[in-house]
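Structures incoming, each one as structure tokens.
In what follows, chain A forms one complex with chain B and a second complex with chain C.
== the complex of A and B ==
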């Protein structure tokens, strides 16, 4: 056994004989296991529940009776975003963004049903997740274990004895680092178990492995910070105080400051605010329900000319359907412009927030974690875009049915009596226009690419703190 | 044959203050040299320069003829060091402590070797499997000495080795040190115990304010005269 592993083994002997360390480690382990099991159970249930709901929504849409096609446009449909397998570790933005959306004509609705199930969630505290524990609690445990790694030797005089045996400060630091690495390896076990389980549920090995690697690097950074403080600082109280402050600053203060700064520097109106701003422009487009709206005069002239007729009644197609289809296209263009502007601003805010990772490894890991798990803002934006594409597609398909399968005369007389109402209906086979919607996270390669900035930041942190340890260990003094 | 320990015009500054000032001495193989002085005289600092823990601001220290600053590792491999507080791990037993430090020194020892060393220092057998946190200072000191014995180095540096020991333990310790010197080990011991120093040392150096101000040798097979050294020590301390 070489000196480095021997030093690591003796550090473990000390920890194993210290009741405080064992109790602290047990509490963290129990919390990790319980939270992992509960979150995994919840997410697995939600995953199948939302898939079932998606299938049920499609079945319900398809099973609608003969109707006027525009009633189906307003009957609408639902799109569900099932949590990806790794959400059982990192639910990410799921809890605040909403995971389902009601799709209907003329509107881009807000995603709804954010997963705040318990009343306690409303108190301003987010639920404990395995990702939280890894990001916040495990660094604290590493601080408890690591703050005195070197200091204890210095304080008790054993540092002199060790160095007098011919050991160097660097070897001593490496031995302590190996001891901490073993702690990290043990505490990575629940995450590895979750990663394996998520692969069984369909997650890619690449994303799951990258998540495990990312958290390993993150915990190594905290272990290295604790070890560096223990080498450089000569008083235990100062070392512990410094580390607690560093934890508080980087894990609590910087992230909140980053949120405030990103939203102050890059102002992004919310959905409600941008909808209100958009309303003025929307009014200029005309009312798609009213084919006589002056906004459609030019369109009318074009269509009449195209078909070589004088009156809309002579058209071989349903003019009201043409208006509905045209109005939907123009409106959707407007809605998409505002929605893309809002999402671009949100993405910029998110990018700026990520850059604060240079001042806080907690930001870098939380961003990496959400991106790799497929529970980040970008994935939510993609869900909004894909569900919008689904909405536009089925609404326009129904408008096409309106144009082609329902005559203008039957359409405008639909409210005359019961018989005319029946004539203004089309056969329910027309509702088969709806495409199946199965939202899935990005490919693992794409997610890994998106996580590039966070990965780089974490690597910079590890390299930097590792360098500090080596420099300090080389110059270690009694 | 190279001189085991030598200080050449050794000066040391710490935080701008002079700790050692032009101190020179040599210690030959098998010799016990006691560096005597009051608190803050620079005794422990002298030891630490031989281990390379402190770097001379002037002059040099040599171990087996080589400057420590040129090869700290060689110096440390030749020296066994017994710090004042017998710093060992309280959460480990004597066996565990010795096995660990010997592994670090690159001289792994088996249980029999360790037992033999602990027998020499007269550490009770029942105590050897107890954690050191339950030991008295004397028992810890004995364990630390056993480590120095097991290292089998040609040089032994002892920092206030008898402080806190009871008279019986001090006598046992003196016997042990003399036996080591008889086996050819070179011993540099720093202490403020005039009586103890005169009892076992072949030579006594008197250190005051960082300067070597006196030197006393045993002559004609006699021990160094305690009264003379005590008088010089007291005179210098009150001067």
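== the complex of A and C ==
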């Protein structure tokens, strides 16, 4: 044990004497801290802003004047998704998807005004987040620190002396590993600080500590890769070259390659495309604005029979409201079928993308961190589903008001003159049908479950590289 | 000089490490370009299919209509920006901004901002296209090819001898580096040229693109050359070069982006929608004059037909749709302007980073930059006003509905 700590201490002493190591470590540290503070600041501001907007949207809806209920269906409502606390570490897909949706009758809108659309375009890498830095920059730092860990002893001839003194290769490797682990521990502090802060803001302990654990494993993988290269490769420049290549390949090439492949293999049509196909089908359902549409003949017969009357004018309820309500229900079924299809395809693409993690720990850690932070595609899909449920709910509640509180006679005569149009309104207390909408991330257990695949992949990586180190260290000879 | 070159080519042919990097560059370029060509074909097929679907859907929607107003209400029109013949090399903003819409004569501001969502992970991670390869990856390959040219000779203690024999130091290093860079450039560009031939890219664009690629590599060569003069071990040189790459390819662009975006705030998109919705929905409760007055201010030629009797008329409905757009116009204009201004400043900031510069230059050539997307949006706006110009003179004087006239509906022409 003593030998191991001594080896580790010696390594540290050497690092502290190297200008290039100190400069690199300082730069990374400063970048990490600045980015973390800026991102945390931005996300907390956004969080309270979105919540305020949600509350304001509800207030505006409630304060609408007396109207024809169908006007309120078109007036619509908004759903906002405030970023979860851990988004200050990993903002995830929010910048791409947009975070608010306009909800109205007969339509499923997309989340609009994604930040990316208006972003200044400076090339593929230009957004810095703490998560990005951990995924991209820290492995490079570990490579710079670790590429010559073992080699150095070989080059300076001290390896022979140590082996002659009875040290084993494994012990030596352990000592070097301890030195790198301490570096990793130090560079985990910003993430740990963010995690603690997020717990303070209401994030669960489980998710925050899983995130910390995930990144520790990820950094250990890179430390281990660097250590393994320094044991196996005999020349310093070759070892560094190999490690840079490994980084270039796993951090930059494989993820984008995986994106291209999964989009080429699984074709998911864009919304405008699938909407067009859907519209053709929708025309068969009939237009809910037009109660005379032949598509509603059967419904009419059914409702007349139910109430035992001959004409729709004799119904105790408003026939136009019945049509609106029925066609909304059928249309929503259709809309949901298409949107579910689209989301399923996208989820399949994402799953395929995640599997590429076997070829790149960067993919595994980025999926893991989005999932644990609650800023992944699956959470966005849940937001879409929940806001759709909210939409359907308030539209149907308004249609119910239309059926029950507005007489058919007033309704069909609404366009005769100004007075009749005033009669075709209902009191604004009817607008209280809207439910409060507060989007919350999945439960931490759920998120941890979703991150299972990425977590397993990371564990496999660590296990494999660890095995390589052990094998190589056992074989160390002169 | 020729003798030097042939000698260096012979050397290169035996350098396994260098050959590996070159082969990798070629493979990556083939992959990037083939992905690009496939994607562009897919987009073209989608557009062709949608044009057909759209026409039949519109015919179907117009069947049985009895009023101009309802015809305009139910007929959607497909608009799109086709990928250029060079888009395969740089998908650029086509991944984050929509390049197709279906619009109708309702308020445009409620339609034009709709996102054509695709898998959000795509936008997040980005695509492996040629522009990314040449701007971000190629410099790293170049660094890996060149970093130990001198240092390797230094470590094997031949450096001073070599320089002394050659007479002047350039005679050794220049041909050696030149041969490697020439090989790298050609291997990267060959797939691009083949794809350009297949896609029918114009010669000027292909030449310009090649020029940009060469210029980007040349800049990185100069940087490497400058660092390599330092008398240090190869691993220190490589570390410093990677540090420079990080600074120029990642950190400088990120800081520029952050600064530009903070200095040029765009209006919150939500505000545009909110105002639009309040105006359009609010109109139902307002006296008709409140809508028709601002409408007539824009369309004085329709003054005689702007009197609305009774609670409902299609022309009043479309008038308040347009008034909604008018009301939002300053905000929308501000949004457009801020995007352009950000883009203009990004043009300047790109001079600080060869990576940003190359990527932006490729996007410009490919017509996939922000400006091209805004040109498309302008085309959609233009088409939407053509629709209004078509229907208003029929709808406002309440001309007899005549489906035959609908054959003259304006045709969307994509921007070229």
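Convention: the second predicted complex is superposed on the first by the 467 of 478 C-alpha atoms of A that agree within 3 Å, B and C clash if a C-alpha of one lies under 4 Å from a C-alpha of the other, contacts with A are read in each partner's own complex, and residues count from 1 in each chain.
We adopt the following convention: a contact is a pair of C-beta atoms (placed from the backbone, for glycine too) under 8 Å apart; a residue touches a chain by one contact, two chains touch by 3 or more.
In this text, all values refer to a predicted model and were calculated from it rather than measured experimentally.
Enquirer: Sticking to the clash and touch definitions up top, decide whether chain B and chain C on chain A clash or fit.
Expert: By the criteria stated at the top, chain C and chain B fit after superposition, with no clash.
Enquirer: Taking the C-alpha centre of chain A as the vertex, compute the angle to the C-alpha centres of chain B and chain C, in steps of 10 degrees.
Expert: 90
Enquirer: Scan A:3 for contacts with chain B and chain C and give back first, second, both or neither.
Expert: first
Enquirer: Which partner does A:464 reach: the first (chain B), the second (chain C), both, or neither?
Expert: neither
Enquirer: Which partner does A:13 contact after superposing on A: first (chain B), second (chain C), both, neither?
Expert: In the superposition, A:13 contacts chain B only.
Enquirer: Output check: A:252 vs chain B and chain C. Expected answer is one of first, second, both, neither. What do you get?
Expert: After superposition on chain A, A:252 lies in contact with chain C alone.
Enquirer: Tell me the contact category for A:193 with respect to chain B and chain C: first, second, both or neither.
Expert: Neither partner.
Enquirer: So, A:156: does it touch chain B (first), chain C (second), both, or neither?
Expert: In the superposed model, A:156 contacts chain B only, not chain C.
Enquirer: Which partner, chain B or chain C, touches the larger number of chain A residues?
Expert: With both complexes superposed on chain A, more residues of chain A are touched by C.
Enquirer: So, A:164: does it touch chain B (first), chain C (second), both, or neither?
Expert: Touch partner of A:164: chain B, not chain C.
Enquirer: Give one of first, second, both or neither to describe whether A:213 is in contact with chain B, with chain C, with both, or with none.
Expert: neither
Enquirer: Report for A:71: first if it touches chain B alone, second if chain C alone, otherwise both or neither.
Expert: In the superposition, A:71 contacts chain C only.
Enquirer: Shortest C-alpha to C-alpha distance from chain B to chain C once the two structures are superposed, in angstrom?
Expert: 15
Enquirer: Please report the chain A residues shared by its interface with chain B and its interface with chain C.
Expert: Of chain A, no residue contacts chain B in one complex and chain C in the other.
Enquirer: In the complex of these two chains, what residues of chain B are touching chain A?
Expert: 48, 51, 53, 73, 76-77, 79-81, 83, 85, 87-92, 96, 100-101, 103-106, 147, 151
Enquirer: Using the touch rule from the top, collect the residues of chain A that touch chain B in their complex.
Expert: 1, 3, 6-7, 10, 13-14, 17-18, 156-158, 160-167, 477-478
Enquirer: Can you tell me which positions in chain A touch chain C when the two form their complex?
Expert: 20, 24, 27, 31, 38, 53, 65, 67-68, 71, 74-76, 78, 92-93, 95-98, 100, 102, 109-114, 116-128, 136-137, 140, 144, 147-148, 236-241, 244-245, 248, 252-253, 255-260, 263-264, 267-273, 275-277, 279-280, 283, 346, 349-350, 353, 366, 377, 380, 414-418, 420-421
Enquirer: Across the complex, what residues on chain C touch chain A?
Expert: 17, 28, 31, 35, 38-39, 42, 46, 50, 53-54, 56-57, 60-61, 76, 78, 92-93, 96-98, 100-102, 113-128, 132, 135-137, 140, 144, 147-148, 151-152, 155, 233-236, 238-240, 242-243, 246, 249-251, 253-254, 256-258, 260-261, 264, 266, 268-270, 272-274, 277, 281, 284-285, 310-312, 335, 338-339, 342-343, 345-346, 349-350, 353, 355-356, 359-360, 363, 369-370
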